[in-house]
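First chain A sits with chain B, and in the next complex the same chain sits with chain C.
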Partner chain A sequence: MGNYFSSMFDKLWGSNKEIRILILGLDGAGKTTILYRLQIGEVVTTKPTIGFNVETLTYKNLKLNVWDLGGQTSIRPYWRCYYTDTAAVIFVVDSTDKDRMSTASKELHMMLQEEELQDSALLVFANKQDQPGALTASEVSKELNLVELKERSWSIVASSAIKGEGITEGLDWLIDVIKEEQL
Partner chain B sequence: MPPLDKKIKKFLKDSVRIAPKISSKGELTELRTGLVSPYPQTRKDAIKKTIQQMTVGKDVSSLFPDVLKNIATNDVEQKKLVYLYVMNYAETHPELCILAVNTFVTDSEDPNPLIRCMAVRTMSMIRVDKILDYLETPLRRTLQDDNPYVRKTAVICVAKVFQLDKQLCLNLGVLTDLVSALEDPNPVVVANTIASLTEIYAMDSTVINLNDLIQSHVSKFLLALNECTEWARITILTVLSKYSAKDSIEAQDIIDRVTAHLQHVNPAVVLATVKVIIINLDLTKPQINDPVMKKLSSAMISIMSTPPEIQFIALKNIRIILEKYPELLTKETRIFFVKFNDPLYVKLEKIEILVRLVDASNIKQCTILLNELKEYTREFEPEFVSKAIQALSQLAIKYSKESFCNKVLDILLELLERQDTFKDDCCIAISNLLRHCPTSTQMVTQACGLLNTWVEPELILNRDEAKCNYVWLLGQYPDKFSSLEERILGFVENFRQEDPLTQTAVLATIVRLHTRLPGTILQTILELATKETIVIDIRDMAMMYWRCLSIPGGDELVQQLCNTAPPAIDNILDTFPPEILKKLIQELATISSITFRPQATNAKKYVRPETVVKGKKLDELKNIAKNEIVKNDEVLLDFGDDATEENNKNTTTLDDLDDLFNFGTVLPKESNSGTNLESDFNKLGINGGRQDTNTTSTSTTTQDLMDLF
Partner chain C sequence: MSTRTYKKFEASDSGDIPDKMTIYQDCMNQFNESPVNSKRCRTLLSRLLRLLANGETFTESEATALFFSVSKLFQHQNDSLRQLVYLAIKELSKISQDVLMATSSIMKDVQNGSDLIKPNAIRSLTVVLDETTAFSAERLLKSAMVSKHPTISSAAIATCYNLLPVSEQTIKRFSNEAQEAIVDLKYFPQDPSNTEFYPNSTFITQYHALGLIYELKKNDKMALLKLVNQFAGNNSIKSQIAKVQLVKIVSELVNKDPQLFTQFQPLFNNWLGNKFESIQLETAKLITNFHATHPRLVAPQLFSIAIATLQNLLSVPRVATRFSALRILNRLSMVTPDHVAVCNPELESLINDSNRNISTYAITILLKTGTAKNISSLISTITKFIHEVSDDFKIIIIDAVRTLSLNFPQEWKSILNFLIDVLKNGEGGFKFKNNIVEAIIDVVAFVPQSKEMALENLCDFIEDCEFNEILVRVLHLLGKEGPTASNPSLYVRHIYNRVVLENSIIRSASVIALSKFAISKNDTSLRESIVSLLKRIANDKDDEVRDRATIALKFIDTSTANEPTSSLADELIHPTSAYDLASLESKLSSYLSENNDSFKTPFDVTNIRKYSDDELKAINLKRKQEQLQKGTFENGMESSPKMAKKSDNKYGKRIDSDTYSSPNIDEQQQELLDTKYSDELLSMAEFQNFGKLVNSSKIVALTEPEAEFVVRGIKHIFKDHVVFQFNITNTLTDVALDNVVVSCNPEEPEESQLQELFIIPIERLLPSAEASCYIAYSKTEDVVTESFLNTITFTTKELDPQTNEPFEADEGFQDEYEIDTLYLSTGDYIKSSFIGNFTATFDELPNEEVAVYNIQESITLQEVVDKLITSTSCLPLENTQFVHSDTNSHILKLFGKSALNGSKVALVIKLIKSSKGIALKAQGKAENATLCSDLVNNLI
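Let's turn to the complex of A and B:
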């Protein structure tokens, strides 16, 4: 009964419930830059994230709780602490870093095996498109073996966090999926 | 009951609230869901509940990762709570602490100085190596912060880091920053800096030259003194007391600058000021009428109106100061008179002070004190009365006039007649008095007349010292006692049980009186003293007497030995040796001033370096992963036939395995089923790799399986 009412309230006023989104990816992929691009719309100077950043932003009347977790090898094991109740994962890939594509792919697939993430949507940003020699979205998709993913809404978007290209498109897609699935 | 309008407000607030509430039971599972709730309000409630559980002593360390998620917030209250939790439990989860680093670093740049300060303070408190690795930037930044509040915290943090990891501190070079912080325009920062430097110096005196720093910054300290908090004042004053002024002019200057603080409300500030003044007084050679002396004495008197615990400390310190400047408080005797509601420890200390304070040339004052002490002997607390009796004899000997001693003797005798207790103390006091005025026959007759009435004195008296004095009196005034032989025989019979002092006295007295006593007593005591005592001095003494008595003309020799008059005593107050006194003056207002024992120069460092908790090394993580795999295999070994089924259920196995892990930690029975195992293991190796998201374990899975064979 209480649940029914609270969900009704949620629908009425958009509620103060937050939707959890994780931004993951290898170190130096541009996760923190994307987070602050989303929040304040500017490029901030970042340094390697030891730990995490978390920001709450309102997008299309939804309150998003966006977590940007550090990508260092030493911190990756702790990603799993944050998987609970995650609506969506944004996986950021450095499109110029061809050498570590396989590592990225391995991390991505291993993460998606987690039961807690079975229902979450996946958005992959093929980032750093502004750099010369960057792989295109479809090339990255191939490298990451995204076609293998079944029973999951996923999408890959070419982006440049520095120039601000592709970020909103990606997020729009993600929000639509979340709204469809959750509300 | 809260008023109605408040109740209504609360009701409205509750009914509008959507976020689920946390029940007050505080079960871990409930708290955990609360901590990761999508509703900020619920999360905050859960944090509050967690902290509540923590403060009542329940172990909530298992919530660490979930609490940590809430560290990045704009809500100062929530941040503070999470910080509190992290400080408390960081050591239980050293690996996870790394997740907080980013927030700490970001917070140390926060526009709010409170948060900047909190971040660096918490960071330097966490005894985890990984945190310390990232401390450099925040610490440097906060040391140079615009806000003095942040700077004053940062300088203390340097000392904390030094305690945790000396080498790191030296490598960062923050000690130089610390030294330059002495030039800070803000007095509180200066005070904290010098406090921090003092701590570091106490931990390792080789890294900084504290004395030089103090010498070169005295004017800075004096300037800061007037503008900072009381605690900072104490720090600065303590440091000033370590400064040795160049000449009397500088010393006078320092005295003038600090004198104002004698009127501070905080007794610690007053004592610290007193210390600085006393140390500098040496150079200025003041007269007793010097205004400084007056101010000093009024400061001490002001402390006497504080709670008894503080009074006690003050009294102890006053006793040291009085040895150096005996005239200081002479006019203020009345302040130290014992009040009926003073606790015992204060009373005892007050008596000590009173006897030292009184001016021996002032008959009026001495008589007043005499009457006062006489009153004290009527009190009921035994320790207090014995102290008063002791003080009476001390006073009499200090004043030194025979008539005065006589008065004291009268008081003592009267007391003995009135009460059965305190015979020990009176006996000691009386013999002290008699030793002070050995010529007064009247006093001797009076005193011995009373002592003579005691039957079996060896049983009446308890303390070694008292018995010793009684026996000495027997030897000194044998004519005044009736049945001398019987009395001495009593002591001889108990000889074995007596303490060394009494044994010595009995031996000497019998030898002294051997002409008056039957020879058997002498023989017995000499045999007892040479054979039965364990104290070597008594044995040697007895041997010597025996030898003297056995040589021809020995009797005369012994008479000569025993009948020399002992020197009259003119002071029975304890005093400090000059060396000790000098040290104690330097250490006024510290613990040494209470124990009267100066700090040993090579004493153990009172601050021990704390150990830093190290996160698990890669090897350990590998081991954990290995164990998990071993357990996985165990499970699947037992269900060897169902291996394929297990594979199909791949996605849900993690939960099952988690449950199964609890079943035991038995190693796989390797000899169990031979070759089949290998194929099973290989299959499972792949499964295990997929299931486990822990990168470390994945990379080592295959390796581990190989190792197993």
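Let's turn to the complex of A and C:
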């Protein structure tokens, strides 16, 4: 009987189950930096990711299985190979790169139309806030047309992976949403 | 049975192969699960790998799906799972195009992974990197190469090696690290618990590093020399394999530049005494191979040390070493049997070696080194032995005996007895028996004295033979050779027995054989009995047999009636000549493909070259001799330049293609080329009225093969005309040659008996194209010998790289190019021909001519003999084309026929080598006195 309860508990709180999170976005948005900021809390020097990085990290007693997929044009088509069982998508945008906002928006909406991602939460990081000329979160939100998203829990957070600002706030929100949905 | 089913069949013994689709489904389910069960995934991966190793394949989409699910396993940090993941990625990369998705993850492991998975990660970089991404791995690979851990370093070097064709630019920057890796002796990290049982290093890294350095520097002779000098003398290289490779590098160096050999001789001496058997073997191989091509450059002393080394290796306990030593000796025994003869005591003891491969090789070598004296005793040894070995070895032995019959015609009796004994008493399959029968047919063809005995025994054999093919061959031979034997009726009885007892295929072959007896033997009683036999056969129940009998009867009728058609019947039953099959085939296929008027014009057979019986024999014998020689040479070369074949296929291939880039036309192609040239010539309108092409010479090179314009000449002889064909190859890349003309000037214009008729120039010769320029002469006498000084004149025009046409404004400029002298010699009027009994024929020929020459140059007897054979275009007989290397005298026997009228010519050339040079006395005998004196007086 106790066994039963504990497994119930596990199910509810996911202490055993890993939560799968994808970090996506255009190349050079800062995905890999965010991943390692989350995992080791430091800024690492990165190279363009050819393929993906995957790390398992524990956050607030939850086991997160975070996949950082390369953002180069040649690698974007492969994103879909990793959509299955994804609890949440973190979409990273370079807030200073105004020219490619529309591309980012297009990629985002195309991705969200995928069947496998219908139930996933979406967290957008308006990254590189430390740089001059960066758009604010609401400006990015407008550029990405986030208001159009229906029936999905989403949020946009201004962040700077280099300075470590906004990352935990965003993730906190995300964890809350995931817990809520699993309940 | 296809390979696939065969493999399945084979595997059924070794356990069941899992079902492909089950594995696929299981993989897809398990690998996508979260969290990953590492143990279960490992099991699944190994089953998947087993499947792939068994030759199963997946479609590209399946493989891609598998790859992506496998890539998800990167989330698990288990080292043994990761190792399998790498293996799977490597396998799947062959089918799936998307493996580059694993790049980042792999590179991360290369950088931060444990020592256990690092080597696997590095090696899998080979399949994921391409030209653009290789650059980003440069730093990683470099630091892995200089790692102290031998396995990691090896993996990095091997990866660089394999990436070389992918990204030459990046890998070129690695030579310092590779150099360092050769010198650096790396040891496995000390593990105090098991140092006693494991060697602390195999130094294999040195081998890999050497391989990479070689690949990087293989075109730089000086760098390679430096490399060899740096490592060959001292003891810095510990790895045995690396040392062997060093020997191979030297082998390639000396083969490219033979003059280097002398400077390496002390090194070879040293290597022959090395403690490793493999190095002794490799060095001995190098020396003996080199000796085959450049005998004068190898010091006799070194050569005998090499042989002595091999001799010692024959009695070592290690089987592989004995076998390799035998292989080298076997090759050697084909060229210089006398040198190998010193090993005969060891070889004889190896006949009883428990390893059958070794004993068979030992016997074949003994057969080749055998002299007339011990042949018969050898044969009695193998008679006992042959029944104990498997079919494959029997065939090898039979082949050796067969060459023996060519080399020692006077030993035919014991050879034939042996063959017959094996044929009758030996157990064996079709291939084995067929080989024996072929050997006997050879003996009959080349040793006429043996005919009766061979035929009689073959008759006995066919009384009880289960193979149709062999029976038919024997019947054909009986029909061909039987009628001229002393007692033909004996064979007729045997053949008729077949008609009574055998199936229709054999019956029809017998009918043809019988009819040959009836026509070619002027024995009326025999003919009448055959006619009555054939009449009986004409009622056979099989169509083919009946038809053949009827037509045979008809032929016999016409041939006895002395009607004009009788010769036709004779010709059909007993053909005196055969078509050149290669040219017949090519003509027929072009006839079929052209099909101008739906085959209303019949196929024209008159243009195809015909060979008479003797000519055919000469061609066959020549081919066999050449095969023997070439086989030796090529086998010898085979293993030396292709390094590291065992370790890496790619490696072998790459070196291979580089070393053999020089044009190397083999015999078969050469013949086809000959036919092609004469076909082209005869199809040109200008030469239509010249009549029949009497003879075409071999292709003569008139320039160095690496010249800008490569020219090769062919001399075509007609009855009253001579045509020179110059094949010119333009090796320049961006220049076309217009209006190419070869001007031929006789060296002594006043005395020239040739009248120039016309020249057919080449209008335009594009880069890397070959075309022919022809010059026709009329000649007043049958045999004209002259030499010509030749110059090519042409206009060069630069080509527009876009259109491949000359620039319009370019008028080009006139240029000249001198090429070597072309000699029209007596040999060009002679065709090689075979004669069974040389001495008797030589004595019978009426006209005699003797000439004496003195050769001052320092060349070997063998080289003189080779030259004589080419210049006279005669066939060397009685195995006199080989000069024993330790003698100072030699007798060469040559036989040929005039291409113009078929008159015979025979030469006996005696050569004596002294300190002053080579003295040569040629004695020629011929039916035609002028031909004889021309040939004898223009030998050199």
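Simple rule for what comes next: the second predicted complex is superposed on the first by the 169 of 183 C-alpha atoms of A that agree within 3 Å, B and C clash if a C-alpha of one lies under 4 Å from a C-alpha of the other, contacts with A are read in each partner's own complex, and residues count from 1 in each chain.
Here, a contact is a pair of C-beta atoms (placed from the backbone, for glycine too) under 8 Å apart; a residue touches a chain by one contact, two chains touch by 3 or more.
Predicted model, so just to flag it, every value in this text is computed and none were measured.
Visitor: For the combined arrangement obtained by superposing on chain A, do chain B and chain C clash, or do they fit?
Guide: Once chain A is superposed (C-alpha atoms), there is a clash between chain B and chain C.
Visitor: Per the overlay, which chain contacts more chain A residues, chain B or chain C?
Guide: B
Visitor: Between chain B (first) and chain C (second), which does A:Thr58 come into contact with in this model arrangement: first, second, both, or neither?
Guide: A:Thr58: touches no partner chain.
Visitor: Look at A:Asn145 in the shared chain and tell me whether it touches chain B only, chain C only, both, or neither; answer first, second, both or neither.
Guide: So A:Asn145 meets neither chain B nor chain C here.
Visitor: Given the touch rule stated above, what does A:Glu114 touch, chain B (first), chain C (second), both, or neither?
Guide: Touch partner of A:Glu114: chain B, not chain C.
Visitor: Once chain A of both complexes is superposed, is A:Ile75 in touch with chain B (first), chain C (second), both, or neither?
Guide: Both: A:Ile75 reaches chain B and chain C.
Visitor: I'd like to know which partner A:Ser102 touches here: chain B for first, chain C for second, both or neither.
Guide: A:Ser102 contacts neither chain B nor chain C.
Visitor: If both complexes are laid over each other on chain A, which piece of chain B (368-376, 476-484 or 494-502) hits chain C?
Guide: Superposition on chain A puts chain C right on top of 494-502.
Visitor: Could you tell me which stretches of chain A are touched by chain B in one complex and by chain C in the other?
Guide: Shared contact residues on chain A: 16-18, 20, 49-54, 65, 70, 75, 78, 81-82, 84-85.
Visitor: Contact residues on chain B for chain A in the complex?
Guide: 18-20, 36, 38-41, 65-66, 69, 72, 95-96, 98-103, 105-106, 134, 621, 651-652, 654-655, 690-691, 693-696, 698
Visitor: Spell out the residues on chain C that touch chain A in their complex, using ranges where they run on.
Guide: Result: residues 32, 34-35, 68, 71-72, 74-75, 77, 98, 100-106, 108, 133, 136 of chain C touch chain A.
Visitor: Sort out for me which residues of chain A touch chain C in the complex.
Guide: Against chain C, chain A makes touches at 16-18, 20, 47, 49-54, 56, 63, 65, 67, 70, 75, 78, 81-82, 84-85.
Visitor: For the complex, give me every residue of chain A touching chain B.
Guide: It is residues 6, 9-10, 15-20, 49-54, 65, 70, 73-82, 84-85, 107, 110-111, 113-115, 118 of chain A that touch chain B.
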